[in-house]
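Presented sequentially are two complexes of chain A, the first with chain B as partner and the second with chain C.
This part shows the complex of A and B:
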């Protein structure tokens, strides 16, 4: 095709830019890598240290408190099943990745969402960015992450963090903005301080929306963590990737079952949190 | 030790899959050939005209069916794909997405209408759709790869299955939300059921249907890109190549081209939606 050849120039520019970044900003990325890997290792230690039946029992207990007896029994048994098919270490490291990335994303997204909800000017800047982030296929986020951090769990965490950020931020700002007007006027009329207005009036009203955002973030994070198996994040994603590449049918079916089990359990738990919050608000 | 006891459902399922592959080989080959043929036609149609001609056609079509802004935007995005040196891969991706979306819609639309009319069907679909939308996209690729091996065919089949839930859900919603008075008006004026469907129900439901189509397109694109991992070709394969060979320039170019295509498809379908919204008021 006789189109101007921008691509090779572009590739060279990118390569030299990355080379420059690697030379001059290495300590930043190394530090980021070390911090992310450290946090991940800490979370992983927490869930991998107890034997599998303890974790399964904990999840069953949580499920019993949050959803109901039947769900508790099913989720406990399902997790035992993950151990039984010999994928417990992978299941645990997937769980650790998802939890770490979601928590990091929430720590950033909820305050930003609150700011966006209170300051329309900030919201106008953030909204198109979020649109863009949510339009792109998640697979792409692995590229900058891998270019800057190299193979390993830190890359998976960074990409998952970006993907999980958007829904939580968006739904938090939506929730803050949706506070009914007459309650704000009521607060003004009774002379509450700014802090009281926020914590006693706006936040309770925003809670259902924020929890819905948490649920969505968790599910997005899960989808991404599984994809991130290809950059050596470890966990179920990597075992599926390996199994698909080698057409190892038995192993890929096992890993897929484990992923579905873990997704279902996390989704139901997060949804029940949404529902209980909605109930409280009403 | 309990941990030493292993059970692998995959080991039991693998022979079943082998049996399927051995005995229904003809069927799978037939499906593969049909899919390959259709894809080939679409791809050749996209690649046959000179890129500039195709950009012109898209510009004019977008100008007629959507707005001027959308048309300019679409032309810019396609030009970006051309100048990033990934025209062929971009067209392959668009061919994959459009064929997958067409088939998804052809399956989801009638089922959605049925679910909107028959409550029992709706109740039966709901849990299935919930599960389908929770499971990470990776998992869809596994059965497709097991049955159809690597290549474009498993990619498109996984994409079709992945694209069905949003379309089905929003079709059901669209037909359930129809204002009763319009339907009664139709019945009162003695319109035949066919006239009611095409002259009253479809135009009124169009905005929601187009939202469903938009979601279906974006999810299909995400899946097609991911399917680059199983040898689907197109931009996904370029991203995968960039990731695995650490050729960041190539990976980033492909990533940006994917963004361009995502924005192109998103704006085109949304442009059609905006065009359609005012007609609702009539």
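This part shows the complex of A and C:
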């Protein structure tokens, strides 16, 4: 049988292609690495520079404005708890990584989602790509990323970015496509321009769906950031990965609690944003 | 039909100063709309071979929405298009502002052929000259009533202060001033449709297209809105094309009524024309249940004076109670009850032109026109012209 032969040939081709890409595109990937690391460092500085109680107080304030008093108190105390168990630097670096990856993903996904929602032809191309991205196990993105960008936060950022892209893009496209037909008619009959149709009619109707996409992307990014501990993301992911390797159960539980706290706080904040947008549109 | 005269338009900033009721604002000329993938081929087949609707569905799997419709809407007129669902009336009204592009034929609005306009000119015509009210109302849920009402002006780039001022005025006309800062979901269905109407008149268009606006409302509110709509439209001197599936509504609102069936208009006329002279059995069946009391007028039921004189030599026609040509059956019955004699004299310009006996009235109630009446009206029109 020549199946093993074929598969080894295929693997070789992939390897050499990746090698060629790494060699010839080195300056591109170095630049990408520098940019991604730079952005990450900048965001990290913003959350790591202030003392932990300031950040906890800021989150409590945000929670109070967005959700309510009880949530504000609980989230403030929970963040203080993260600092108490000695995981504050890891917690803020995970926070920085998630925020950076999600924001980058949204900057790309929302405009692409708008285009996909308006142009069915583009949507037909994007849709299978997103299917592929979403069905593949998230680990897969770490390998090419590490081959091209090396060990460190830039790789974690790229892999998280890819995973966070899909939900925001999908739900934005869906929201834009779902404008009720009689409102399109209203726009046309009122003599709107293309831009007015988009900003005054399509976008307000799409807003709840887009915000749901933002929330989903944030959650996906959280999931990925922990996995990305393997490639040296730093933060809680790496703590857990290290604890798993050394079978340090106590330490892994501490890090897991910190992740749960962070995830729940950001999820509730994002959900309240969804609700306030949806409430407005009803 | 109830007579709601055009009130003097001075004092209303939103009206055009003088109304020339003969000016044609919307002119549809042999308009067709065929839906489907091979619509152009089907259209060709219609032109060349005169295929019927069912043959087109069979051979081209295309649906004929509107077939060979010609109609004129004049300034200040409320033109009702009545038809059952699937008759093509909603398609037809969308051809008038080119929300749907006709397969063949021309739609001319204010002297401009819509198909000759570019995108910008078409937007201009829609924004300034044609307002539209939808059955679904389509109020933007994220905007207040005032912001919704001002939408048309906002789209035209009118400043906030000015457009809100105009919108407030329009809301006052429909009696919703106090609701301007509320959201549409806080309003009842009837109020929402009033906002829809206010939005349509805010941009001060000459023509308002009404696509079954009151169909989803309960009967009491519907009647109220029908009367308000008619009064407001006449007050502002607007023209309206009003789509409905309800003949009572068409009669209540319309100056003229077009009856649609299978995409074609089968009869156009005033309510009285249609009730007294239905074009075919379909229309006859429709009008069968309509009360004639307010529709049929003296000029349709009166009989000649001479035969009456001959038959009743002792009766001095000059001493009969007088009625006008436009008096309806209800009014004539009232006069007959007051009269000592069993006859009324119909007077036009001080001259007795006909006699109405209780027998004539009964015929009118049944809706059977009278040959003399029809010819005498034609003659009267000729002499006056």
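Here, the second predicted complex is superposed on the first by the 274 of 282 C-alpha atoms of A that agree within 3 Å, B and C clash if a C-alpha of one lies under 4 Å from a C-alpha of the other, contacts with A are read in each partner's own complex, and residues count from 1 in each chain.
Here, contacts are C-beta pairs under 8 Å (C-beta built on N, C-alpha and C of every residue); 3 or more make two chains touch, one makes a residue touch a chain.
Keep in mind the model is a prediction, meaning the values are calculated, not measured.
> With the two complexes overlaid on their shared chain, look at chain A and say whether chain B and chain C clash or fit.
Superposition result for chain B and chain C: fit.
> For A:178 in the superposed arrangement: first (chain B), second (chain C), both or neither?
After superposition on chain A, A:178 lies in contact with neither partner.
> Figure out whether A:251 sits in contact with chain B (first) or chain C (second), or with both, or with neither.
first
> Now for A:200: first (chain B), second (chain C), both, or neither, which partner does it touch?
After superposition on chain A, A:200 lies in contact with chain C alone.
> So, does A:42 touch the first partner chain B, the second partner chain C, both, or neither?
neither
> A:34 in the overlay: touching chain B, chain C, both, or neither? Say first, second, both or neither.
neither
> Looking at A:119 after the superposition, I want to know if it touches chain B, chain C, both of them or none. Which is it: first, second, both, neither?
Touch partners of A:119: none, neither chain B nor chain C.
> So which one touches more of the residues on chain A, chain B or chain C?
Touched residues of chain A are more numerous for B.
> Examine A:188 and indicate which partner it touches, taking first as chain B and second as chain C; both and neither are also allowed.
Second partner only, chain C.
> Minimum Cα separation, chain B versus chain C, post-superposition (Å)?
So the smallest C-alpha gap separating chain B from chain C comes to 27 Å.
> Can you list the residues of chain A that touch chain B in one structure and chain C in the other?
none
> In the complex, go through chain C and note every residue touching chain A.
Contact set of chain C toward chain A: 97, 99, 122-128, 130-132, 134, 136, 138, 140-142, 151-152, 154-156, 185, 203, 209.
> Which of the residues in chain A end up touching chain C in this complex?
Those in contact with chain C are residues 180, 182-183, 185-186, 188-193, 196, 200-201, 204, 280-282.
> Quick one: in the complex, what on chain A touches chain B?
It is residues 1, 3-7, 10-15, 18, 52-53, 83-86, 88, 132, 135-140, 142-144, 146-147, 219, 222-223, 226-227, 229-231, 237, 240-241, 244, 247, 249-254, 256-257, 259-260, 263-264, 267 of chain A that touch chain B.
> Touching residues of chain B toward chain A in the complex: what are they?
2-3, 5-11, 13-14, 17-18, 51, 82-87, 131, 134-139, 141-142, 145-146, 149-150, 218, 221-222, 225-226, 228-230, 236, 239-240, 242-243, 246-253, 255, 258-259, 262-263, 266
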